[in-house]
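In the two assemblies presented below, chain A is common to both, partnered first by chain B and then by chain C.
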Partner chain A sequence: MNAKYIARSSAIAARRLGDEMIVMSALDSTLFTLNEVATAIWQAADGRTPLADIVRRTVCREFDVTPELAYRDAEALVDDLAGHGILLVSEEPIPSGLVQERR
Partner chain B sequence: MVQLTAPASHAVPVEVGGMTVLLRTDDSDFARMLQDRYVGFAGSPIPPAFEFDVELAAPRGVDPDADVEVRCEHGRWSFCRGDFHADWDPRTRRGRIRQTANPYSIDAVLRIVHTLVLAREGGFLLHSASAMRDGRAFLFSGLSGAGKTTISRLAPPDVTLLTDEVSYVRRAGEGYRAFGTPFAGELARVGENVSAPITALYLLDKGPANRIDPVSTSEATQRIMRNILFFAEEPDLVRHVFEAACEFVARVPVYRLTFFPEERVWELIR
Partner chain C sequence: MSLMAEVNARAQALGVPLSVHLDLTYRCNERCEHCYLEHDDKGEMSTAEIFDIFDQLADAGVFFLILSGGEPLLRRDFFTILERARALLFNVKLKTNAVMIREAEAQRIREMGVEQVQISVYSHRSEVHDGITKLPGSLKKTLRAIAFLKSQGLKVTIANVLMRPNLLDSPGVQRLAAEMGVGYTLDPTITPMMNGDTSLLSLRAPREILRQVFRDSSLVGNVEEFCAPPAAADDDALDATPCSAGHTACYISPYGDVYPCVQFPLPSGNVRRQKFIDIWRDSPELKDVRSITARDLPTCSSCTHVASCTRCPGLAYMEGNVRGPSTADCEKSFVRTGIPSANMLAKASAAARRTAIPGLVQIRMATT
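Moving on to the complex of A and B:
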């Protein structure tokens, strides 16, 4: 399995409100509400840490879920967000210039 | 000898939200129409922040439902719709509007200018009615048909209507302030040119009984974003609007107001 790297797109605005994260695409103003698990993945999406490591260190440690299930769900989430252009996905580490600063 | 004289220029200052825009026209009838249209908002002593020369064009067939296009190139804005074309340079504080002699085109230009100025100041125009009671402002937000005009019409005598259609929201210290606007909806009545600190925003729903319920911050943010008037697509400005909506939700209580169209709903608004 190839490693998967994820990074927050720079063409977004995001704000944490309580346990949720509201993310807006600055390109078409579409809004997304991320739940607690999705927020944890989102915040760890630095372009340098493989998704598998994010899931193991962040999701599995903080939430009661098996690594296999967590990774499958995380991949589906990542693909969905990438489809809307608010998350970048690559098989190589993503240069920091393309990553939105964490808020 | 024939003496050539330039037509007299008429200047109508229109002040909304504490910001005056001066409209210049050579047409006295049009100037009078503007004075009437913006009664209560025209003739402000506040020095104008911006000036627009209005050039009247002959009427022609236009699509009244055409979308407005707002673009910025090298710091100069252009606004375009079937019934008007406007250019505006915020750096020189001047602009020009070419339109037919109607009050709706100017209205659209003013709304666009205010949204752009407010976006950089943490404020916004919101598709909502607003009213003032006991020195406090209340906003009632919703898309067409949600009940903005209905709740405005039901307001008791001690309530001052700020607008039944487009609320003017400006950051003020740790909170927000609502200003009256001349931007009227179905009520066809301009608001009062006064302002007050915003106490609450109600998301309107019609129902069989009157009740107020809390809403989550994410729902409040999404609903507000849906109802903010914003025409530009510049990512930087869109981000400002998003930040303003989030800040507003963090500082102003937002509720869902389900109401049956009768005067008693105002017993809940205090």
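Moving on to the complex of A and C:
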């Protein structure tokens, strides 16, 4: 399996609302709400850390779930968000200039 | 319930100001006939002050940020401000007349990730549009800017205010928007000036034009549904709050004044003297606005339209009573359905009593 790197797109808006994150892409104006697990993945998307590591370090540790199941769900989430321009996905690390700063 | 409605409900339950409209300046390069602002600069907030407010808004949970004016691009620091807003991950909607937007500006706006640009166009005919804006050549410049923005892939909406000087032109503007591949909204709302001057209200579209607008399916969707007689009000309707003003949204002027909405100039605090979050949470004015449900409205609670009326609390406030009716919305409800509002009936009844009184005692005189 090739490594997968993810980064927050600079064309999005995001804000925490209670225990969720609301995210909208400027590209297609689709609104998303991310639950705690999805928020953890989104926040860890720095373009340098492979998705498998994010899942292992962030999701499995914090949410008590097996790596296989967590990775499968995380991949589906990442593909969905990438389709709307909210996350950038690459098999190589993503340069920091393309990554949205976290807040 | 749509996801957007769910997010709004959640924000309201949590007391989060999801949306803030910030006017960066009241200065403008146009002098539109219907404009409710005084354009002289009375001490706009500095770049540093606006940056500080942005930090406060982000911390308070603001997601939607509308940047407007006056003409916001008249500020020399406009792009610095925009860049900061986007760095803080606000969803930015820009409201502009676009006269100052050329190819380079359009590109910067797209690169900064602005979600939507709303541009005022009053007519497809230069003589009418420029006549309203009092800026010769303004329609040409605005349309050129729309083309630049559109070519950048930005989401653009033409906002067309309906008023007496452009009564017959909305179909032309709508066609223009379709040809350019941009969105279109028609707004028949003319508001008094912020200082309370009501002379602008004479520009409001007459009833017969409103009737045409409300029966145009390209504007209102399902006409039968839109113009249907009002449904009886149940407890949910009577316990409902009127709109997002003061609940999940508010307005900040270029001088730091906080109001529930741009169309609701109830002074509620000033961010130059207080923290935004303190105003949002503790302002007695905002708390009062939040406490008002349809049930609390002396006239409107008994109105047949109460469940479906678009009553604007800001317009009611500008008429003198925040809990009173908004005459413009009574008119809209009547034009939609043909059924007069409780406010209209009360006024008609009072007028009938006034005219009836002289009839009771008549003095007849005859000369021979």
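Worth a mention:
FYI, the second predicted complex is superposed on the first by the 103 of 103 C-alpha atoms of A that agree within 3 Å, B and C clash if a C-alpha of one lies under 4 Å from a C-alpha of the other, contacts with A are read in each partner's own complex, and residues count from 1 in each chain.
Operating definition for what follows: contacts are C-beta pairs under 8 Å (C-beta built on N, C-alpha and C of every residue); 3 or more make two chains touch, one makes a residue touch a chain.
Computed from a predicted structure; not experimentally measured.
Using the contact criterion defined above for the overlaid structures, shared-chain residue A:A11 touches chain B and also reaches chain C.
Put simply, more of the residues of chain A are touched by C, taking chain B and chain C as the two choices.
In the overlay built on the shared chain, the residue A:I22 is in contact with chain B and with chain C.
Comparing the two interfaces of chain A, the one with chain B and the one with chain C have residues 11, 13, 15, 17-18, 20, 22, 24, 26-27, 29, 31, 33 in common.
Within the complex, the chain C residues that touch chain A are 3-4, 6-7, 10-11, 14, 16, 18, 58, 61-63, 87-92, 113-116, 153, 155.
Taken together, the chain B residues at the contact with chain A in this complex read 216-218, 221-222, 225, 235-236, 238-239, 242-243, 246, 249-250.
The touching residues of chain A, when paired with chain C in their complex, are 10-18, 20, 22, 24, 26-27, 29, 31, 33, 100-101, 103. Those residues of chain A whose C-beta lies close enough to touch chain B in the complex are 11, 13, 15, 17-18, 20, 22, 24, 26-27, 29, 31, 33.
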